[in-house]
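Report on one structure; see the data block that follows.
Here the chain labels run A, B and C in written order, and each chain numbers its own residues starting at 1.
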């Protein structure tokens, strides 16, 4: 009887170890119970379930290949649940603010972050993420500015933050604001596993910004937009066609702006 | 002189299920005098253990009361005068004998040194001095019983109550416990104990009470119960015919043995009569009445008093 | 008068508990859990030290719960079952002293075990802190980790008091265990449930159910108050006055349970 009860946590432990150890196949997504059920059934071990969902989200996020719509939907639910279970835990807000919007779940991300503001009221990072979302994705610079100034007023905000916010607002280019934000974000990250993806996005955006800048110079010189990146190489603006870190290919859209076939998401190689 | 132990109209009902009740004691009254050994005998289920547990406040009476040196048994103060040996005593058996006695001493409020001296005095008395530092779990049944007696004596109680102190022991063990009880009497202690074996009781008790179905059917000296014994003569082979000629008409065969019961006062007469016949006598033994026979005899014939 | 009898009984109970196979099993399990927590945390992402602390404190709390549930009901049931209790109750002390001594021993057993596990947890956390691969390690609130462990001990003591209380009248240890477990589950959730009832969802609940739930909220111990794990891991402010009130709450609850247990135990017959 006693030994029987002991095996229960052991089983959970092995289950967790197995999930964390085995590479993501994308197939299995753990069930997401209703939040009341999750809150009542985990008694005083709510944080562990929260950690578990975050580990799984990180695994999908860090896994190879693009996330499927089902995975994105699951991640959104898991992050909301994780934030509910352990509302003081930063990681659910980090993923909600910096992963979900890029995968099209902007409104969910904002709702999770706004709840986070109540619990981690001292933390400058949540308004920082929120401000950027309003500024960049929602294109509501006034609302964005409100959150960003909230972030800079936080006593724990890093000294470089006001400067960073000022630059965010001064940037005119499409990618420059995101680049400034990602640089700031990169500085706050502790875990190499989280820094990697941010660095990659930063690299891709930096390249795209440069191409756009060069395309403008090309237009000033030849009074016409380049059709392909090869045009820039031929004209001597680029020594070679730069590679997309996500594995896609950069191209000019008909309106003359730069984009990539990877859509800034991981492309499966092969 | 004040009675050491006074039991007054003690009645005990147990509930069994919702409606049914079992009557364990029916108005038992009894007084144990200071310095005497009183044995309570009776068949299993007669109410002996119930009586003792009520004295020890482990069970509570439905009716009636128990007084120990004039103090109601329900009060913890009453137990200051009592030492108790439960039936088949069970200890915290990871302790050694010495540790258990020290523990008992502390329960009684003794200081460390005082307790240690008393513990070893008692260990010597119950002849466990060599096993004092051994874990109780390794004790034999007899050793455990003797340790049980030692712990009952830790507080130097005036009255020692023992529940079946000799049950489950071999003949040597029984003799040892009997000796211990007799030596306690020399120390002027009052002893009240229960047994279902009459032999244990008659040898050492000053008085005996017989309890049958929750009623005291006899209370008095042991010699009066063990009334005139009979003798049993056993002869190898079938000699019923010869015996019948000698006037012994009630001989019976058990296997290949002829058995015949002879009254005490006829013994020598009969033996003289069969002497000449040269019978292969197997044995001649004094036959005690079994307790059950006495109980059967006592029920209804004598009243308590 | 010095409580010599109670202390003696507590000491014997402590020694007895430490020799139980179930006790050894629980302690071994807790240490394995703590060692495994390092491996698990290392495989997770983000603030891995947060996960390490979560697992560490959960291991401490899980150990406290297991010990409180099993040792509490088991040691008293064993005493009754083996009838070793007769030797104790036949001494000139009240039944209250038995309850106090037994409870004291159980609390000492759980307290020593938790102190040991907490020490191990702190050492493990310190090791992971020093060897972490994070760029700049987060602050660890060492004092609050210790404080959280102390409150885990308070919680376990409360559960022990519950198991002693239920053992004082339950006819079987399994029943006592079941009742203790039930109160634990209710005690862990009353706070959540009352929050749900005060939320928009609660507006639709029937008033009878609501009254019952609020009754439960006041009768059952609010165990979530004693849970400082999140505060320790996230280094949240812990006002000393509030902590003292919380500790007082637990202690009063324990005393009330023990007094009730004595009251019931006094009326219990030892068949």
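Just so we're on the same page, a residue touches a chain if its C-beta (ideal position, glycine included) is under 8 Å from a C-beta of that chain, and two chains touch if they have at least 3 such contacts.
As the structure is a computational prediction, the values presented were derived from the model and not from experiment.
If each chain is drawn as a node and touching chains are joined, the picture is a simple open line.
Using the average of C-alpha coordinates as each chain's centre, B ends up farthest from chain C. Taking each chain's centre as the mean of its C-alpha atoms, chain A lies 40 Å from chain C. Centre-to-centre spacing of chain B and chain C amounts to 48 Å, using the average Cα coordinate of each chain. If each chain is reduced to the centroid of its CA atoms, chain A and chain B end up 86 Å from each other.
The set of chain A residues touching two or more other chains is empty. For chain A in complex with chain C, the touching residues are 2-3, 5-6, 9, 13, 16-17, 20-21, 36, 39-40, 43-48, 51, 54-55, 58-59, 62, 86, 88-91, 94, 189-195. Those residues of chain B lying in contact with chain C across their complex are 14, 53, 56-60, 76-80, 82, 84, 86, 88-92, 94-95, 103-104, 106-110, 151, 155. Residues of chain C touching chain B in their complex: 1, 4-5, 7-9, 11-12, 15-16, 19, 82-84, 86-94, 267, 269-271. Within the complex formed with chain A, the chain C residues making contact are 22, 25-26, 29, 33, 36, 39-40, 43-48, 50-51, 54-55, 58, 61-62, 66, 70, 133-138, 184-185, 188-189, 192-193, 196, 223-224, 227, 229-230, 233-234, 236.
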